[in-house]
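Two complexes are shown next, each including chain A; its partner changes from chain B in the first to chain C in the second.
== the complex of A and B ==
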């Protein structure tokens, strides 16, 4: 297979052929690859282990960019569930909405969703950064362990439920905090971080009333004296 | 997993190739369910008559006896049989439960649907298998819902395939993805009210539950909202009525469901790939329903 491919029409290939072409192009040092007509197909650009710019001209399906390590992915359209699942490094920019479990279990890298996400955005994040230009769905940040989630819009019920560590910033309204998620004081270093992360996306961080959410740490160790907290979590 | 899809023309006067549209939308949904596929289609209603859809898994004169039973109940103006699938139009003014009983008095006969506009077709296999067994892609109508099933409980056969008719309520059916964990309790409650069930599939209870509320005068919106708290378990479902389609998603958002709409039509599907099957140039912007959200489109 010729590997110096920089344009792929997804409608003419199987998902396996597309992913193999992307990986071969990345291994050959092709700097950028464009993919037309993805039509919301699942599992595109997964486990790409070299730095390469991957541009989807249209919506992609579930698990796009999962397990990638160094690739820079841009999607001009929506993403389905679990975009960037277990991302190690690199970036994914979604110029549309994304489905549930956005950025699930990411360990590094940066995921930006210009629109809204579904439920459980940032579930079990272990590092990295998730920036959402719109709002996030139910129980986002659930069991977050590390990393940063920035939500410019609103957060649905249960934000940050049972989070261990990490930080969630919400610029809009919070429907309700999840179990053991508490609001912390916003400092200058937080404002600098928000400006640094949102500036490149064309978002003015100073225009929002940010809330900083962290773990209350009452669920770290069981205590019968904290029975109500445990009952609420379970 | 199971795959859901639906399509509706918003204008009450408009009809179009809903069979072809659903066939295209069901194609990508085959990955979510390979066991069976089914569609509920709504054509132009004809007051005074019903369309009966039934499957006859027996011979030795059974089809003739079923037609005779129909003729004994009312005036049969047309009937055709495609393989085991019977389609008949009957002028009938009695109780639909009695009509269903009369048809199913013969062994190995199952009524899929009775409605003034609704017709349910289903088959083991994918959408192409349905089309091969009982062609529906040429159907012209106002709206339709479809389902691809991955069975996790109850049998893999045509009877347990979706959509489920809310017997004996005409023109109401459901397709569902998930599990209703308080199924037995809900079913007992509805049975105590006189309702009957054709299968042991938990999804069937949603159809009867909603139809019962509509029968009592509740709006589709109110019935959908009540279902979110009354149904336990995981669910994304589409309920179709003579006037439209309603959808609901469970409070934990555990099953996927998206919708997209234009001035002319509403499209619903488990995954965007199903919507893109009929909107490849990406004019529509699908959105996922939020946890516990309900929506409805009435013509």
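== the complex of A and C ==
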């Protein structure tokens, strides 16, 4: 078991030791913990259920911050797949790029990726907010249920495919919309939301030509009169 | 002349066409009306190679049975200890399969949990997450991690006794679930973060991992989330069983659940239920062989499910090498599914008791597969739990009965030698000799027979395979 300190050298501990040290620190009310040499290791800071600031000085692997509820995580480096999957609350800031399935199924909290993400960012989001400073890959926002995804750069093919609800904002180019994803009118409320979310990240929201994407709701219930929509979905 | 031959008005025999049978004609006309495939619940309409096609050969003169009503016959087993987690302790080798709160009513889930606890076995959550009532009722609750993650809550994961990553379902492998709008009530919609009344189509792929190498990392994540304290199951719809089982073993599964094509579902396109996957019998044999090939027999536990109807099927599955069986549909039927009551409500759906597979409509007349409060009230939890408990006891007794008759003091001592195949097909699938032949219809058996025949011919001075005379 790692000694309870506010600094951990990951290279000297197993993943279990690191995670248990983080959880112990959070339980003891340690305000902030720094982790050096994460060297893209998987499953770091998983299911931390209490507030604490966790800072990784370097790249992390898959599932970093997965299932957390209240922790605030900062990664100074790139992330592997599925950063923050099923996040309940709290925040994750990635100062680099992230892999596919970024913010998969998050229910609350906020994930910020300064760079680009791989495919399927925001897949099956059930709440919360994902902000991507760069571009997102193929089929991002797939089967989104609730929440907000803001993409400052470009969106690859199939953005918002089969969304149930939720909102996607894209500041750059959209390669193509996914099945039943439609563009909606951008209102003042949307502009205020974008300014509120992007301002703290140092991004000027007014400098972009935003597109707002929502569910067309043709896939909510089957209709034999909507063959075209269903052919794409099925 | 038989009066059962269908005849036309003028007395001529009516000839039905095999390709264009009345069922096929109805199927086409229904689809033409709906404009889509048809959905159904429960399971396949096909007669598959099944445990039914095996028979036990108990002790007679050559072997000595145990006294049926006197001698001890153990049924308990611990599963999931491969990586040091607290194992699931089954007092009898049965588990209640994952069925969602949403497809099932809260009373049904509570009754299943109550019965499982009384009998000393585990029950399983489903799509839609963990119901508080279910957690309270179940001493040992397996928490499913499904592709949809509807209702998934890490706090619930941490109070579960095991986690089960669902890769697929025997009734519809390779596809996601369906919950038609009629069952997506306000409560269910909120639990699944969906708009009420939508036709909910669950994804088939997990949102955060894809292949077997990824699965290994996902398992690691679940272990980290639970501090390694609970076993991790991987549930697979039976298709390429040898490959899938080996990959799950390598990925670190503690328990593998193989769900054959006879497996149940709350709603699915019926074409999938009838035309995908392989039968549980075949899947059991292949899974046991795969685990053995990995040299993980007794280390990775195997649960088989899909069409297990009673203790007889369960005993045969154990004899083939499974550690436990899982029941879903049978447990629902024990709850009261298809009971001959409220017949008028069955009729309203165009069906009748004994032939109802209309779970997907949400109009279940006996309060199991519904979210309608009036219908749910027809399933009081205590009585429903009593029925399931009784059925589970009967399954245990049946397993013990066959084990004792075969001279075994534990149901897990049943073995393939205790069985014979009733059909060539079952023999070919299981490698168990066909009744009356002492011959298993497997490729290796034929090869051996050829070698033996040639050896006999050689001894008699006939030509050997190499052409030399003796």
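By our rule, the second predicted complex is superposed on the first by the 230 of 234 C-alpha atoms of A that agree within 3 Å, B and C clash if a C-alpha of one lies under 4 Å from a C-alpha of the other, contacts with A are read in each partner's own complex, and residues count from 1 in each chain.
What we mean here is this: a residue touches a chain if its C-beta (ideal position, glycine included) is under 8 Å from a C-beta of that chain, and two chains touch if they have at least 3 such contacts.
Nothing here was measured: the structure is a model prediction, and the numbers come from that model.
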- Message: For A:62, using the defined touch cut-off, is the partner it touches chain B, chain C, both, or neither? Pick first, second, both or neither.
- Response: both
- Task: Report for A:97: first if it touches chain B alone, second if chain C alone, otherwise both or neither.
- Result: first
- Task: Please tell me which partner, chain B or chain C, touches more residues of chain A.
- Result: C
- Query: Is A:81 in contact with chain B, with chain C, with both, or with neither (first, second, both, neither)?
  - Reply: both
- Query: Touch check for A:157: first (chain B), second (chain C), both, or neither?
  - Reply: first
- Task: Classify the contacts of A:113 with the two partner chains as first (chain B alone), second (chain C alone), both, or neither.
- Result: neither
- Task: Could you say whether A:42 touches chain B, chain C, both of them, or neither, answering first, second, both or neither?
- Result: both
- Task: Scan A:221 for contacts with chain B and chain C and give back first, second, both or neither.
- Result: second
- Task: Report, in rising order, the residues of chain A that make contact with chain B in one complex and with chain C in the other.
- Result: 42, 61-62, 81, 120
- Note on the structure: Within the complex, chain B is touched by chain A residues 37, 39-42, 58-59, 61-62, 77-78, 80-81, 96-97, 99-100, 116, 118-120, 137-139, 156-157
- For the complex, which residues does chain B have touching chain A? 31, 251-253, 256, 258, 271-273, 275-277, 280, 282, 285-288, 290-292
- Note on the structure: chain A partner, complex, touching residues on chain C are 34-36, 148-149, 152-155, 157-158, 181, 193-195, 197-199, 201, 203, 207-209, 214, 217-218, 220-221, 223-228
- Note on the structure: Listed in rising order, chain A residues that touch chain C in their complex are 15-16, 19-20, 42-43, 46-47, 49, 61-63, 66-67, 69, 81-82, 85-86, 88, 101, 104-105, 107, 120, 123-124, 126-127, 143, 145-146, 162, 164-165, 219-222, 224, 227, 230, 233
